[in-house]
Structures are given as structure tokens and as C-alpha cells.
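Per-chain residue numbering starts at 1, and chain names A, B and C are given in the order in which the chains are listed.
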């Protein structure tokens, strides 16, 4: 067997360590099992603990219509169906969406340190939220308040501005995007600080939003946010080929048949949409979008066709786990948990990227 | 196969290429040489369809280039890029597999035929001993060979090389050039290479195109193109031809 | 429902002191504030079946809370949750303590009988799941802008079908009405009418005692560690001060007042209210720029140790008024 045909069986990343790495289907199953465990744990766990058996029974009875005699209190059922289930599902969707968006940004910008907020979405959302708090109007559309709507629009507007401004640079489009994103993000952060200063009483609301969380989850909000995030994520998944093409840079991608300008715009738009929707629903929760794609790449390599769906599964599980931990630790913000776990990982990642940037 | 007529490319109001006429037939092996700033890279990008000329036409396989989408171009013409940076750990197989991008299924990815093509390319270029390694950790010469394998995997009738021997040691320079020659003579691939080393070009390519300040000043066999006067005029050096050994 | 500042929380975060202040105090748009409450006894804001001879409360009942929401309570609540300290005091005063199952954290910890109740809400937030698991059938929450009880918690509780009555008093009259609303909702309307009646009598008596007296210009200090915070115009604070026979210096809804404005207003009396626990009279005199204020020069800086009562719209509100009068016009209480 010639060395070349070894590639017919080996599809892993460098020195495909785990046997699993050769079988993406196996990994997908692992991911789904992990997600299922996270789901049950997230639904059953909290300040009011519901045993896994009861959790599964309640879900089976209410969702699958199985005929199970209740051995639990009615309040447990309320907690599961009305409070925990929408919360956990929201966390899943947000975690998965942020992971996919993060992977897309990392691939587009060819920067392993990129995350979904790299082009100003975070600052834009925060600024939008702060503006909304300053406006003394309480409006509710589809269970979303003014704050969420403005955060969503702020995030999208920020990316749009960054994209437009970056087009006039002399450096490569991606470097230009990154730098413009940083500049616009800083400007918006300054605006946010100003708005917070002026907000007085509304400061607490802005803080709570910035720290992020799933406390305000509901079926109604999930019904609005989930389609947006899921559709955007699926759109990105379908464009995995373009992301792969970008691995060697924009010019090489063009040589390989990628319509770089169009794909860049579409991928940016989809990733920003998913991020903006996630941020509108649950505030600024960091590190999941950065960490999940990297962990997956360590196992399966940079092929976006594998990275994107697996990162979505991992991101969803991570977010559910982080929310559960946040609740069990006395209601601290989810963003703190993800930072505590994510920051050391991020630092470890920095140490590993010593090679890869130089020629 | 490749045909340029009256191609003019403007760059900041200056003509980077001026009224270029060039015809390369299928199966030819051509090197483009010239001093820095002569327009070699610009010519390559025009041929690859990345740059649209301000005037003139470019044809690939008898079809106008501006009528083809990127995928169609990629199936007809493969480019071995200059060594790019890789943001993530990427195995040699993954890099070579990128060459199948224009052929693989858009959503499902590589088919068995694609994987076979990747295997064949790896064998053809002889980088099988590098399998499983992270491409970022290879030597420059090894990386260039891997990129060549990627372009071979692309299975295009035309292969364009962008300064493939820059940064390479002598052994790898020769290895790459011999491989390119082999691809041309054995597989019939049309080769267009941009080279800065005129000695290498003269040795390995039967036809040279000499560019100077955006114009083709000579086009033909090395002996005809590389006359002392021309070298003196274009490169600004006094050449001395030395024959080493037999 | 207004609650005074939480000194522990404030000490924990000077930086965010200006957050806590407006959050925990009642924030009022200009509301009507009569100097002397003379509203005749009877219902003011809710459909109240009380004030009749029927001894047993009739359910289902619908009350209108301070946000104008009509809250229906289908049956006499057996598991009441109080999310404001004032509501906790009120519920206990109305004699329904045996039906209260949980409370909000209260620095003033009153009444002592409530000590054993589980805490389901703190400054950090409300544990909606706990409340649900306690099978709550009535929740009294705090409103305002920004809301004392997080709006998301109120919405979640309502979404799972628990009646939530949101109260915040911007005047004495609204505080009394709030007590009656709680009474109706909890099935203790008669007791509420009694409590309110006796409170009204107290208020009338106290207001009469200060009616003709000199009204000194008064600065009621909430905090001055970085910025200076005092009472907004049209708030419960302001009305209490007026009833106590003062002419309060007021500010806008931000609670902030600049030193220039304060010096220009030149109060004759400075009352240390919400910061009485950690600010002494000498501290005030030592502040740069404050030395020219009449109150400081004349030594009329007084602390109100019972500051919690000044804006807690519960059964002890009249005691808060009494504390203010004690500081401003002690002779009126003889």
C-alpha cells in the first residue's frame, strides 16, 4: 500500500491521536450523548434539585405523552417544563450558535484568537442595551424588551460599520477587518461607559445584561431567538467548503475556486446574525465561542465540515454546564463561570500558538 | 491553452502590464522572468483570473476568463501559492485535500474518487513520508512540495507556480523543478512558472518570457532570450556565462 | 415599596453606591403628595370587599397593583411569599404569618418572628424556582423604576401562574393603600383596615402636632461618600419630611445633588438618614466646602438612627415620622 493511500483511511488532524479521530460519526455520537447528559443535568439541577429519574419521567410524560404516574410534586413539573426546560434549551441554542459563529470567525479571519465578539458585536450590543436603558419607555415585543431589541440591532450595526469601514484599507481585507473591529469596538465601549455614567439608576440593569445569563428565559423568547440562531448556524455549516478554502489565505482560496468576496460577506453576515441573536437573548457570555472550536480542532483537525457541527454540540453542552454551575454556586453570572474556565484555556492556547504564525 | 491579447493592467494610474500578448499552448512549459516590479506577479494574477485587465482579453482553454466563475477557473487552472501561513494545526493530508475543493461535493465533502486523487497526488509528488505531520512544522522545502501536491490534486490541465523556489535550499529547488518538469513531460500538464532565478529558469524551461516594466521584451528559448545585451539592459548587470563541468 | 439603603451592600461597593441608592429607594415621578393625609377612610386603589360586616374574606378577588395590573387571586393564599421588607412586616402585622412561607433578605430584620423564614430573594436576585417549589400562591413584590424586584422574576412568576402584586409607594397615601391591597390579597382585609385606620390616626395626630411650626430648610442625606444623594421631589421621603414639619431640599429622580446646589440651598438642618450607620456628625463638619452651610455652622446636624422606618411603607411608617419629628421638633412630641 503506497503511503498516499494511507490518506484513504486517515482523516485525522496531525498525528490523529485518538482512534475516535478517525471516525467523525463516533465523535458526533459522543457529542450527542454529552449534550443529552448536560440536558438532563441542567434540567434536574439547581437550587431545587430534581432527581434524574423524575426529570426523565416528567419529560417523557409531558413531551412524549408517555403514560407515567406522577410520583413528584406538581411544582416540580412546573419547574421542569416552565422554567428549566426553556432555560436549558436557550443555553443550548446560544452555546451552539456562539461556537459555530466563533469557528466561522476564526476560519474567516484566520486567527485562532478570534471569537464571536471580535468585530465589535459585544460592544455594539452593550452600547445598544445602554441606550435602551436610558430611554424611559417600556416596550415589549414578542416578550423581548427594548433592551434586547437595541442590543440585537447594536450588534448588527457594529459589524456593518466595521465591514464598511474596513473596505478602504490598504492591508489585506481580513487584517483590516480585525483592526477596524478593534477600533470600532473601543469606540463603542467608550460610548457604553458614557451611557453607563449617565444612566444612574439604570446602571444595574445594564450591568446585569452585560454579565449575561439565562434567568429571563422563556418559551416565547426561545421561539424567536432559536430560529434565527439555528438558521444562521445551519447556513454557516452549509458553507463549510468556503471556510476550508480560506485556510491558506484569501488568494489561495480564490485559486481553489472560492468566490472570496461573496463568501466572506455571507459568512460574516450569518455569523454576526447568530451572535447578535445570542447576545440579545442572553447577554455577553464569553469564551464558549472561542474555546469550543479549538477543543474540537485538537481532535479532528481544521476541516470545517467536522469542526462546525461538533463545535456546536460541544458549545451547547458547555453552555448548559456553565449555567448549571452558575446556578448551583449561588446565582453568580454565567459569564464569570465561562471566564474562569475559558481564561486558563485561552492562555494555554496562546502558549501553543508559538508556531503557526511565522512562515 | 492560455491566451492573452492586448492585456493592460493599471495599478494606481500606472500601467503594471502594458499591451501584453502571450500564447501558451497545451503541454508547454513556460517560465516568466524579469526583475522586481516587472509585473510577473501581476501577469500571474491576470492569468489566474484574480485581476481583471483594464483592456484586452484573457482566454483559458478557448473560453474567455471573465465568463467563468471561480469554480470553473479552479477546475481548469491550479496555482501553487507562495508559502502561506496556517492559523491552525493542519496535517499534510488536509493541505493536499484542499486541492479537491473545486471537485468535492459542496456539502458532503470528499467522495472516494476525491480521496483517491489526494492519495495519487501525494504519491506523485513523493510526500508520503510526511503524512500525519503538522504542515506548520515542515521545512520550507517540504512545505512547498506539499503545496505542489495540493495543486496536483486539483487535477487541472494548467499548473501555475508562483515563485516556487524562493526560500528553498538547492536540493529542494532542484527537486521542485524536476517534479514540475516531470508533470509536464509525463502527464502533459501545461506549466507556467514565475521565477526570479534566471539560471534555474534557463536550465529547466524550454521557453522563457522576459518581462521588463510591464512589457514582454523577449519570448522564446533561453538562448535567444538571455543574451548579454538583454540581461545588461533589463537586469542592469554585466553577465558572465560560465560553464561548469560537462 | 421603598426600602432604605443597605449599608452592608454599600460598604461592599463604594463604586456602585450610586447604583444601590436609586435601586432601593423609591423612585418617583412627580406624584401628588398631600401635606396632610386627609383622605377619608375607604378603598382607594382596589376593589376591596372589606369595610363590610362579612367576617370571612371572599375569594376569588382581583386587586389592582401599583403598576395598574389587575391581579386575580383565585383562593385564599396559603403560601405567601414576601419580596419586600415592608411587605414582610405588613403580613406579620396583619396576622397572616402562619401563611407566609418565604421572604426577602432584610437588613433591618423585622419582625424577629420572621427570622426563621427561608430567604428566596437577595440583592443578587430572586430564586424563582424556590418560590415555585414552595407552591407559592401569592407573591408581594416591589416595583419602581428601576424595579426593586427584577422584572424578569416578576414575569417568570406570572408566567407559571403565580399571582404577583407589585407595590411601590410614592406617598403616604399610597403606602397605606398598599397595606390594604396586601390585606385584600392575603384574605386579611379586616385586619388591614384596622392597621391602616390606626396608622391614619397616628399620621393625623403627628401632622397636627407639627402643623403650625416653623419649617426649617432641611437636607436629608442619603449618602455623601462620593456623590451627594438626597430625596427626590414628590417621593415618599419628601412627603415624610414635610409632614415632620420640614422644608426639604429635593432633587430630581437621579437622587444626585451637587455640592454647589446644596451650598446655594443652604439648609438650616442636616439630617443623616440612610448613612446614619457610618457617618458621624463630626464627619459632616469636616467635609471640605460644607463648613459654610448654616446647618454645619450652627451645629444642626442630626442623625436618624431609625432611618429604615422613614421610607419603609409598612405598618411602622408612622414610627418613622415620629423619628423625624423627634429630630426636628422634639417639643412637638411632648
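Observations on the structure shown:
What we mean here is this: contacts are C-beta pairs under 8 Å (C-beta built on N, C-alpha and C of every residue); 3 or more make two chains touch, one makes a residue touch a chain.
Every value quoted in this text rests on a predicted model; they were computed, and no experiment measured them.
Averaging Cα coordinates per chain and for the whole protein, the chain whose average falls nearest the overall one is A. More C-beta pairs touch across the A-B interface than across any other pair of chains.
Distance between chain A and chain B, defined via averaged C-alpha coordinates, is recorded as 41 Å. Averaging C-alpha coordinates per chain places the centre of chain B 81 Å away from that of chain C. In this assembly, the C-alpha centroid of chain A lies 43 Å from the C-alpha centroid of chain C.
Across the complex, chain A meets chain B through its residues 2-8, 10-16, 106, 110-112, 238, 240-241, 244-245, 247-249, 251-252, 254-260, 297, 301-303, 305, 355-359. Only residues 46-48, 73-76, 78-79, 82-84, 136, 200-205, 207-208, 215-216, 218, 330-331 of chain A touch chain C when the two sit together in their complex.
For chain B in complex with chain A, the touching residues are 48, 50, 69-71, 73-75, 77-79, 81, 83-91, 93-99, 101-102, 104, 106-107, 109, 112, 115-116, 118-123, 128-129, 131-134, 136-137, 140, 154, 167. Taken in their complex, chain C has these residues touching chain A: 16, 18-19, 22-23, 27, 124-125, 127-130, 132-135, 145-146, 150, 152-153, 155-156, 159-161, 253-256.
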